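First the structure, then my questions, so here it is.
Which chain is which? They are A, B, C and D, in the order written, and residues in each are numbered from 1.
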């Protein structure tokens, strides 16, 4: 959650630097920060990154700051060991290890979000699994897994600050699109920034709806065949929501 | 939920074209899109249509776009086979089959709404029926029926994209004013745009109130005679709410 | 809930007309309409009135309109038979009989509110009584009574439109400060406009808090002696909230 | 909750007056009033104070007014017997005895907040303890204690207006960071204004999340070792939230 002032974090990496950042990718990453803040998925904390398409051993992420205030100039490149490419960068997220370890473990993943969504926390601390209420939430599958940091080490503030913790998290994530963290928050991944944003917003509303439905009695979730279908097929017209969300978020 | 780019969707229909659109009807349809967005009944998805009063084999609906952004120029005419009247229209809602099949099955219906209201989803996925808490919700009768798309076919993203699916939906709707769709959303119908908007907004608040009441213990719903009375009589002064909602929504 | 177009409603009453309206009372009544709209206690429907201090057989109330739009020019005088003082007034609330009958039954009451607060509806349709969670809600006493219109007549839209219905309501109100109406809403009364506004806003938040507390287990309400104390004593500094609410509501 | 007009409250204290107020402390205290109003932790009532670092027998607090309207000119100094330093001050909070008694009992405490947070009230009136859901709420420990004013005296409006009541409250607080008051609200304390604000905002969201989680089934709270860790260690980068909250609150 914090700025990392440790001396070696500003050391120059030996890896080849990624080329000039893709303006479209930067624009999407800035928009994602704003949209997720606008929807209450991110508050003062949390971060979203995007893997560099041309240099898959690097990812782009903002400096340590509130996501609502991020602009293109705040986006920097890190290698998969989470070292910043440019020397002298010191305002870095402690928990950026989450990003590097997931990109290593999941070559298919092109964007990673870590957040502390208020609607997801109840499911982080419960044996009730978060399961899909509607077609657009089918990525939740048979239920989002929950990572318990105690499976790695037992004492701390529950933040993911070490490589072993991040490796354990990536293992718990497996092939899933969303992972809940006991007493902490969530991680969402996807094949693009826009898919990750979409998943995070849908997960929030799904959590609220599942909670309400459980007050009414047994809940009917998506069937296995409906979940399978969504794994094989693209969603219809996801761009319509992205454009509307972006228009609203960039106005603020 | 999406734009339909299939080639035959832009073919000119053989049916007689409806006359010049009624400006008052267009104004109501635009206002309905804005009001329903303003109340969270519609978000980036969902659509509302109105049957042409002078040409009942045609209906008016916006192109595929976020309802909050709809203006009069975005409204087009379709026949009851959901073909656009004007050649070359390609930005069309996939799920517009819902509109055509309901207008065919229900000659009394002059407006149709399809949406994914967050407060209704819990009742879509529950055996607890949505029932009227207050007089203005009497149109819910003994409880809104729930349509399960599996009664038509078993695998897909739960969207209503085919004629058989839309026919099944219209059959489940029967003579009701509101139909819930398992894992998906809802359909509201009525004798006018304004009545449909009113029903959708009341259904939302009724759902929230019924959910809260069920936390307190057994819920006392409207009686059968109160429901019957509302079926025979007009509501008192519904225009007062419409004018206030419109004033607020058009300001945004 | 509606405008009354019946011919005799515009007839001139034989009763003595009240003097020039007190500007301070009018200002409070306008502010009350705005504050209650601002807090979601009133929406397009509902109404608040104030008895004329100098002519206690008359009360002031707005014409039939959304409370959020009320200004001083919209306030008219009625006698306790709910006839407007000025000839030709036709835009009148149907349910104004509530006001006349309560003022007749309760000489201590100087202001009456009828509304359909969303948070109160669950308690209107439940056997669980609305009871005070905090000191400022002590006026709820051992629990707000619930009026069932079926004790007067059995079929209708649940609105209070006749003298027998309003008399039944006033009887159910008794000496209470708040009455819930099954399947309908609520009535709040008090010794001033400001007290009624305060009671209505507190009742709303109390309802939400009691509902949440009941999820946690048995709820500890105010004790009988705490309720008795509040009946004998004035609240501390109620003006501070009124001034803040007014400042915010009049800015809109 | 109210202005204290008793004659001796304006008498000059014999204690040495604190030096010129620290501008940074005043700025934080004003910002705290605005931030807490912005988050709904404070409404028209409630108050936050800060102990004078150079004169620990004095504290700074606003005059009796809505916290949302507080500016630097409204902040005054009181001694630990809650007497204002400057003669003639009459607009004082009745419940300021809370502040003096806590500062006497807890030399480590540098800031005190008393509020009536809507999300906390359910836990004030329940046997279910408010317990930490996430790492940042670890200060709640094994559960926030609840003070019942009946342990001091039995009849009143539940406000803390006397020294014995405030002493009882301070005793119930013990070494905790948050105390709930049955039928009333809460008190938060800390080593700085910013820590108290942070604790109050986190307590609110924790309460909402715990309530929701309890709907899903048994709740997994922080472990004893995680609570212990948080007691020994500083949180990571709390300034990021403070700066964002302040920026938003001061804009209003």
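To be clear about the criterion, contacts are C-beta pairs under 8 Å (C-beta built on N, C-alpha and C of every residue); 3 or more make two chains touch, one makes a residue touch a chain.
Quantities reported herein were computed from a predicted structural model and do not represent experimental measurements.
> Can you list every chain in contact with both subunit C and subunit D?
none
> Which chain's centre, taken as the mean of its Cα atoms, is farthest from the centre of subunit A?
The chain lying farthest from subunit A is C.
> Same or different, please, for the subunit A to subunit D contact, judged on whether over half of the interface numbers appear on both copies.
Different, since most residue numbers here occur in only one copy.
> So how far apart, in whole Å, are subunit B and subunit D when each is placed at the average of its C-alpha atoms?
49
> Mind checking the centre-to-centre distance between subunit B and subunit C? Centres are C-alpha means, answer in whole Å.
Between these chains, centre-to-centre, one finds 35 Å.
> Provide the list of subunit D residues touching at least two other chains, using ranges where the numbers run on.
Expected reply: 215.
> Under the stated contact criterion, what part of subunit B meets subunit A in this complex?
1-3, 43-45, 64-66, 68-69, 94, 116, 118-119, 121-123, 125-128, 150, 154-159, 182-185, 211, 214-215
> In the complex of these two chains, what residues of subunit B are touching subunit C?
132-135, 138, 205, 208-209, 212-213, 215-223, 225-226, 228-230, 233, 235-237, 240-241, 243-245
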